[in-house]
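Notes follow once the structure below has been shown.
Note that the chains are named A, B and C in the order they appear, and that numbering of residues resets to 1 at the start of each chain.
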């Protein structure tokens, strides 16, 4: 509730910007928490948490002989309107990867429920063909003006190598499609397995992959969501790795346990300085718009569309969460 | 001898897999040891070592005025059947790079001997054109059904930049060619020189290059062979750098001295845990095959062809070496 | 003055090489110092320093309402012949980025002065189209046989992603153009902002970007110029970061304060060992040329054009600066 109020405040502030750069409603995903789709009990519990994004899982968290149960359970949830207990959240679904042969059935079950999920998470994306396949299915299944956020998982070497083309295709096909590319998730466990790498304490063996993932994400104006911290009882380590990821430009982290949520969401909250920079920029732009056209400079920097959206995102995350 | 026995065991275990994914005989290359091709004495000594791969060198280890002598010496060796003293090994040759103008003569001398080398190592690959040139020569020189393993060296910035296309071309041309892409070698000394970089203790200045090399290798299902440790008397440092490379996903290392061999081969031997995971997966797949078709899941992960081959490789390396 | 003398010495030494690989006059850019283009006082002061490259700035160092003043001030300077107080230096100009809409006016003012600037620095290059645009304008504005050095700034994710194609286009278009690609500058502040990254003490969050930048630069035989050290009073830190950059292959650094210049120029001076390697190589090549054609080997390494140019650069930097 507070969320909507504060968002209205932001909307007022930056209305003219939205006209110019058509910023969509921003969904923060500081913590993206996986919950097994076949467990009503765990799902219900999750909806009562203060968490940005709940990923109702059909994939790795669900055994092969429970896939149908997961689809049915999630579909049942999507047949009811989202109930906001603490504050609004991203009601997302993670389908199985395209290579599994299970993805189409997942999409059929989940995109034809009474309410669309806010977001579809697609694991193990490897190629432009995967994106084309996804676009075709989603566009056929969603009725009318429906639109879902789309989160791309990069989880193996070939996916990372093709990530530029993958994002390019996603952004291009979204122009006329019923989905909106919104984030890249870096899936480090599958990635390590495919690489034959071993995770060390400082994670130096994944620096290339993690930094390339952020780079591609930001080049396409997407959120970048960092790897899981598997040792879910190690909350001190968790905070450290959150900060490390945030320094690289990640804006959120995958989470596998409720205890991880508050630490992650605190670590990925924009700082007061960032918030002030962003509101300052948006206000200045408003002033500027009144005066005329041309290049727009703020604190010595030429401001372009991505910077505007970045500023808007900071304000949105900050506002949407500080009063939660 | 033990090698062949244990391989038969593996073959029995995973026969049905081989039918499906046509895994070739696996040549471990934990240690890839260079021996100057013009030195009969050093070559003979090397054949008596317990070493995975002996690279009979025509390139950097041979002075310009000894190139002919190297070709003749190696050709003479290849005119005799491989004698296995300790256990089977990779009888490889490193030719001169294409840019040197010496490569064609090397290939003519070495690929028309009575027995083919197991493997041809091609240094300083820079472009798709290099691969096309190599394919053409090799296909013309090798008679009948002969086939050699092919190891690609990435040793300079332009080679690394083009590495994706280089591997793509190698894999594609191998479909109808008489060579099988099998490894990428990262040549750090030439690389550092071309970059104007200086090797530091922790090697941080090469992280990008080394990690990109592993990434490309694994995306194309190739082995990744790490840089030389020049200070050949520093065996403690050697072990440390082996472990660092293995953590990144490297499966072997270039070696310039016999003393380095046992340490390297020990460090790149798959662990018992990895071996058990791999045999478990292969057994499960066998069971699975009996029951029917569809996606195959093992320990919660969807198993694809590369993972199968990775498992097979682990078993092969482990089995081929533990009884040596 | 010393500069010209020592360069003649080099010219004598390596005349035959120049015929073969057409090495241009080498402009060292160990320190590339920004000076606001609208400040005659600061510019005059800078010309009295012993500094490799003075970047007369129209971009970030100049307020929006001072752009005309900057253009006029710099044009006025370019209407007079370069006065060498200490030694020759690179009289460079940094124009505004193409996306700003200000670049064309900058180029018109600065490339039609009585004397050409030695070098044009183009910030925030993002695409091949930027290079094409630049080539078209420069070729139209420069009269006769004039030619400027061209420095490309990589300052955001999309620019880094496209850096390979950007350099390819620059090198190709320069064949028939009035500019010579000469360096890549890594602009870390804009880069960090676009990435949403935070600069840490050890800079680990920028390793991918910095190392990829060097890689691309060296693949195209360009200088690589490292990021600014913002804390200009921290001269100990400055030296450390210079050394770190030099180890990665950077050959110079951006500078924002005169106090930074001597430390930077000292740190990026080639070592005596490097100098001896380089002169040795050039002398050997001279000898070799007299004897005949074919591959040229020096200290066991096959010598190619880029290595020759690298050696020449080392000699030029060393000679041009040691007597300054």
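Basically, a residue touches a chain if its C-beta (ideal position, glycine included) is under 8 Å from a C-beta of that chain, and two chains touch if they have at least 3 such contacts.
As the structure is a prediction and not an experimental result, all values here were calculated from the model.
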Overlay chain B and chain C by their C-alpha atoms and let me know the rotation angle in degrees, rounded to the nearest 5.
-> 120
Self-contact between copies chain A and chain C, residue sets same or different by half = different
Taking each chain's centre as the mean position of its Cα atoms, how many Å separate chain A from chain C?
-> 40
What are the residue numbers in chain B that touch two or more other chains?
-> 207-208
Sort out for me which residues of chain B touch chain A in the complex.
-> 164, 207-208, 211-212, 214-216, 218-219, 246-249, 251, 294-295, 297, 300-302, 304, 306-307, 310
Taking the complex as given, what residues does chain B use to touch chain C?
-> 60, 63-64, 96-97, 99-102, 156-158, 160-161, 190, 193-198, 200, 204-205, 207-209
